[in-house]
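Same chain, two partners: subunit A is paired with subunit B first, then with subunit C.
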Partner chain A sequence: MTSSKQALAHSASSADAAPGEQPGAAGRAHGRGTPPEPGPGSWRSKLYRWDMKASPYAFISPFFIVFGAFSLVPLLYTAWYSLHNVQLSDLDGQSWAGLKNYENLLSSDFFWNSLWVTFTIGVISTVPQLLMAIGLAHLLNYKLRGSVVWRVVMLTPYATSVAAATLVFVLLYSWDGGMINWMLGFVGIDPVNWTESDWGSKFAVSTIVIWRWTGYNALIYLAAMQAIPADLYESAAIDGANRWQQFLHVTIPQLRPTILFTVVVSTIGATQLFGEPLLFGGVSGSKGGSGHQFQTLGLYMYDQGWIIGNLGKASAIAWSMFLILLIVAAVNLLISRRLRKSQ
Partner chain B sequence: MTATQLTPPQTGKKPPSRRERKRVMGAGKQLHAGPVTYVVLTLFALVSLAPLVWTAIAASRTNARLAQTPPPLWFGGNLFKNLETAWEEAGLGTAMVNSVIVAGTITVATVLFSTLAGFAFAKLRFKFSNVLLLLTIGTMMVPPQLAVVPLYLWMADLGWSNQLQTVVLPTLVTAFGVFFMRQYLVQALPTELIEAARVDGASSLRIVWHVVFPAARPAMAVLGLLTFVFAWNDFLWPIIALNQENPTVQVALNSLGTGYVPDQSVIMAGALLGTLPLLIAFLLFGKQIVGGIMQGAIKG
Partner chain C sequence: MRTSTRGSRRLMALAAAAALTTGLLAGCAEDSDDGPSNEGGGGGKTTLTVGTFGTFGYKQAGLYDEYMKLNPDITIKENVTTKTDVYWPKVLTRLQAGAGTDDIQAIEVGNVTEAVQTQADKFVDLGKEVDKSQWLDWKNAQATTKDGKLIGLGTDIGPMAVCYRKDLFQKAGLETDRTKLAEQWKGDWGKYVDLGKEYMKKAPSGTKFVDSASSVYNAVLNGASERYYDKDGNVVWEKSAGVKTAWDTAMEVATSDMSAKLKQFEKPWDQGYANATFATVACPAWMIGYILEQSGDAGKGKWDVAAAPTAGNWGGSFIGVPTASKHQKEAIALAKWLTAPEQQAKVFAKQASFPSAPSAYSTLKPADATTEYFSNAPITEIFSASAKTIPTQYFGVKDQPIGTALTDIGILQVEQKGKSPEEGWDAATEEIKDVLGQ
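Right after this comes the complex of A and B.
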């Protein structure tokens, strides 16, 4: 908050200086409060009015141009390509395929497998991550020594790239000589084959996601917690609620919109999961392991499009992902409506 | 999206009395942390930092040593040799330069365009502004995967495969950036200032330069840091758009990881090098980045 106050002071002083710098500025001749127009029809006032009308659109246009050119138009083209036979090896030789790509998908075991993998990894990475983040935020919300240091440390994994983080976890999870199996040995657990086993590999990929994003989500929750009015806690305390009850009956309900927000964002992230499983698989990365056990939808699309070279099918996968996201968003909306009604 | 209402913690009415509040269990909002809190936080901090520290340890050993049990828990003497090998094998020199160019361009453009658009949405009145703002926020729902195939085909058509502008162009400005700047400027920029400048006959560009940019500076810095982190770490599009001859750092790391005869200590050295620039930035600006995420969170 102090920074915004500084900004205020700063902008105030520079704004005062601004009109003075204008040679023969209209402001000096007319004084504040008088419109600058010498006459209603002069080109100066026309220019002024045109500026007032056009500049907002000019200011927002870069975003819409970039979004339009590099997201919206491609999105439609992806739909177009998904109805065509487009091969990476023969980009000019495109031919109409109708719904063949989609039929291929629906009859492909690998597609359903990747859907299942995306769903399971999404759940086992998102749920613990958000639960831990709430707990962590609750702890960070206490008066702490070196509170900034704690927050920065919790956020360091966020600064680590998917590639770097995954390469480290590959080594930590390696079958022999790996840190994790070695430590499991101490508590008497047999080594797990983290890259080949079905659930082991899914769990391993999830931990990379959890490691990178828990601190980030904790900060989002912390920000929301700090905005909860203190008197809510006071009245709860006067009613005899202990700390745990306060957390349950004051903090959590107040966080509801933020929780919903993080659930939506994490769900979108989980649907698009790509880098972690790709690198976790090493040489067989785009297949999601030898048995496709961690081939997410994102990986399946990359594999079909750029390894196998069927860009038409990859487009169909991309559109299926979009439809799934829309369904998830709709379900989310329904749930949040329900929650609001029951409140 | 879901906008959390920001209510200032202090309310106008006077609390009963300090002593009264303290008497009631847990009344004050900012409770002091007990030892259990510190223990749990320390554990979390260790889990957060350990993989990074261990990357450095592994990078300082030999491949043979990494395959043995127990894994090395302290530094060896092979660090510089591994760093050198990783640097050469993955072409990290080119990759670093490329990543700086890509992330730098994306950052400057995003901050500039987001501030302009954020200002327009926060303070200017124009037709359809609400609809356009909703549309902007809505675009965050569109996954990047949906654009990848046509973009790849077009860039190939233009002869831009494997060139850096291919990576830069689609991310010159983000919906998050626009929304972030809007939320900041709604509060930080008094409308009277703009009106006063208008009355003085200042053009919109002049207002942007002399009023908006100075007011937005703290948020621009934070957005710049967040954008740089994002652009440096971006993976999906660069790996499709670029090949091994002209990689970003992440693409180069991927090539290290998918080698058929992987030398793990060299891979760790590469991972260390690829992360180092951001870790240094994090040490210097960690506080601002944390503040920025929290700020974006409250209002977003």
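Right after this comes the complex of A and C.
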């Protein structure tokens, strides 16, 4: 804890110093990295010092400029829009709405539905995905013949485009003639209408997510597992722990920070889930099925903004999503603190 | 030009996904990213860009090459966005930014009212440039503002017929002659549904009478004079006689077993064509090209075309010249040329997109292969006859999303989830309230 506090204080003080580091004030500065120069007043040395100070900022500025132009400005603009009545067809004709868009959202069944859908699909895709990823990583961690091949294969789904993957899944899940219903038929189960059934559609969308991301997470776990010192296992083995016990009592605790990281990343991904359900839904995908059974928050926002053309409300949804993500981040922070304390 | 109220949406998913991501991330700040092509200047050559969605057929029919040959100082570039629901929001934002539009911009019939009512000042008034009498009156009316400004020139239209599988009809013991069939259901889609019940009694195994209840709904609605809005632009969908007839007819289909329960423009629908799992489909002119493509060689000579119970128009587009175009004069000349009757006839010969200029009708000739495919049906005459009796329909600003709510929420819930017609109607109502912000 203390070290991070120090780091914070440090960065804050250097930020404070930044405005002072103007060319004119260069003589006053005596920061690190300024070598003792003969003739401190000379123009050359001023330039040199200025260069030392300013260059780093110049070098990192592209990111911040791009971030400002393409993330920050749209973000703030979206906030502005969310307080107005704005139609896509009449961007200039906006009128002040105050918090009405948010009030509408809170009283809209579709909003709560999409929140629920996002949550459920998030849970049923993230939990099995991460469990499977740990299992796979554990297997890959054994000495295997052709281990590189296995690892590359694991990453292939991740490298596939969402669109291509989803289109294949759509065919697999097709109501009549789809492979999955065909196989269910062998076990004597009636065909399921995967796009229209409530849980069936959520399950189907989750499998696409699971398929795409399991390998990716497994590789992250694998990397972390390989960083676990071998002597921990050796001493565990000497103590008589079998493979499973080693996994449970050595691997998992050592992986804790990594698990936390993947949970956070997956949660953010799940909150923003968009491409898979949109394409899964076909021609009117933004509705998420005739009963909105798989309309996630992302889809609801897209539907409001670009299909219906109600940009004010869509902006309000965007900001609500942003707030939800902040809450998720805060909860995660609390949990990670507690975890660190308990260690 | 193969368009429908849903636009021509054959899933070109990659393009869609890419466009969606940029749309989401950058929203409205991104309007003027790629101010296209107006850098003509050099060497006296002017580059004109044409923004379209789906397959318009201009390129396919060789019109661009022909025009460039006639006008050596013009180069034409077409920018295609496959899906209408991606294309149109992009056009809207660019029009309002006054930058980034193409020199000619296509407008789908489902969006034309929105363009007329909200974007009229962003388009050049073409009324003074052309002889309006070459187009069907109702086609002009759709693109004309209250003060008489014409913002788009008509391209194709979607006069309606019924396409049916002669072979399946025969197996089911139904009449197969197109004239007699048309007589049987003349004037009322209800009679068409009755024939469907006949069909189902002796239906060849694995086949249904019609592809979907939504297609019947659209067919009926597109022949009604009142849709979701009245002449003055008020929302009247709940009381509209057209909607009621269309809904009731569709409900009869949805609650019987005569529908294959497919969603149009989705993969299983295409497979339905390929495997001949449904015997009829409501057939706007552009559907001819679609059937040709999807049914393939196996369907050759088995399809036939009969006049629809009521005349109607499903789909069709316009092309307009944005005032933001830097080459307005050249763009207007090109737009005029592309939509002239002779050129419309050429597109028809290639794509079966039906002309909106009646003077082209006498010269229309479908490709021989098409005629052969559809059992030598006189498709030109059938569609021409339909085109001339189509009522003027008034569209509204939110026409598309209202329609989607009724078909993809309301009808689908009844057809695929087994909900009652009342429940379907209520679900659609709730959706439309959300659409209209009520």
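Here is the rule we go by: the second predicted complex is superposed on the first by the 296 of 343 C-alpha atoms of A that agree within 3 Å, B and C clash if a C-alpha of one lies under 4 Å from a C-alpha of the other, contacts with A are read in each partner's own complex, and residues count from 1 in each chain.
One rule holds for everything that comes next: contacts are C-beta pairs under 8 Å (C-beta built on N, C-alpha and C of every residue); 3 or more make two chains touch, one makes a residue touch a chain.
None of the values given here were measured: they were computed from a predicted structure.
When both complexes are overlaid on subunit A, subunit B and subunit C end up clashing with each other.
Judged by the touch definition given at the top, the superposed model places A:110 against subunit C, while subunit B stays out of reach. By the touch criterion defined above, A:78 lies against subunit B and subunit C together after alignment on the C-alpha atoms of chain A.
Touch criterion met: A:70 reaches subunit B and subunit C at once.
In the superposition on chain A, A:193 contacts subunit C only, with no contact to subunit B. Looking at the shared chain after the overlay, A:290 reaches subunit C, while subunit B stays out of its contact range.
Between subunit B and subunit C, B contacts the larger number of subunit A residues. By the touch criterion defined above, A:308 reaches subunit C but does not reach subunit B. In the overlay built on the shared chain, the residue A:341 is in contact with neither subunit B nor subunit C. Of the two partner chains placed by the overlay, subunit B and subunit C both lie in contact with A:274.
Comparing 145-153, 181-189, 217-225 or 271-279 from subunit B against subunit C in the aligned model shows that the clashing stretch is 145-153.
Residues 70, 73-74, 77-78, 81, 91, 161-164, 166-167, 170-171, 176-177, 274-275, 278-279, 282-283, 298, 301-302, 305-306, 311 of subunit A are contacted both by subunit B in one complex and by subunit C in the other. Of all residues in subunit C, only 6, 9, 11, 13-14, 16-17, 20-21, 23-29, 85-86, 89, 92-93, 96, 114, 118-119, 261, 263-268, 271, 397-398, 400-401, 404, 408-410, 412-413, 416-417, 427, 430-431, 434-435, 437 touch subunit A in the complex they form. Residue ranges on subunit A touching subunit C, taken from their complex, read 69-70, 73-74, 77-78, 81, 87-92, 104, 108-110, 161-164, 166-167, 170-171, 174-177, 193, 196, 274-275, 278-279, 282-284, 286-287, 290-291, 298, 301-302, 305-311, 313.
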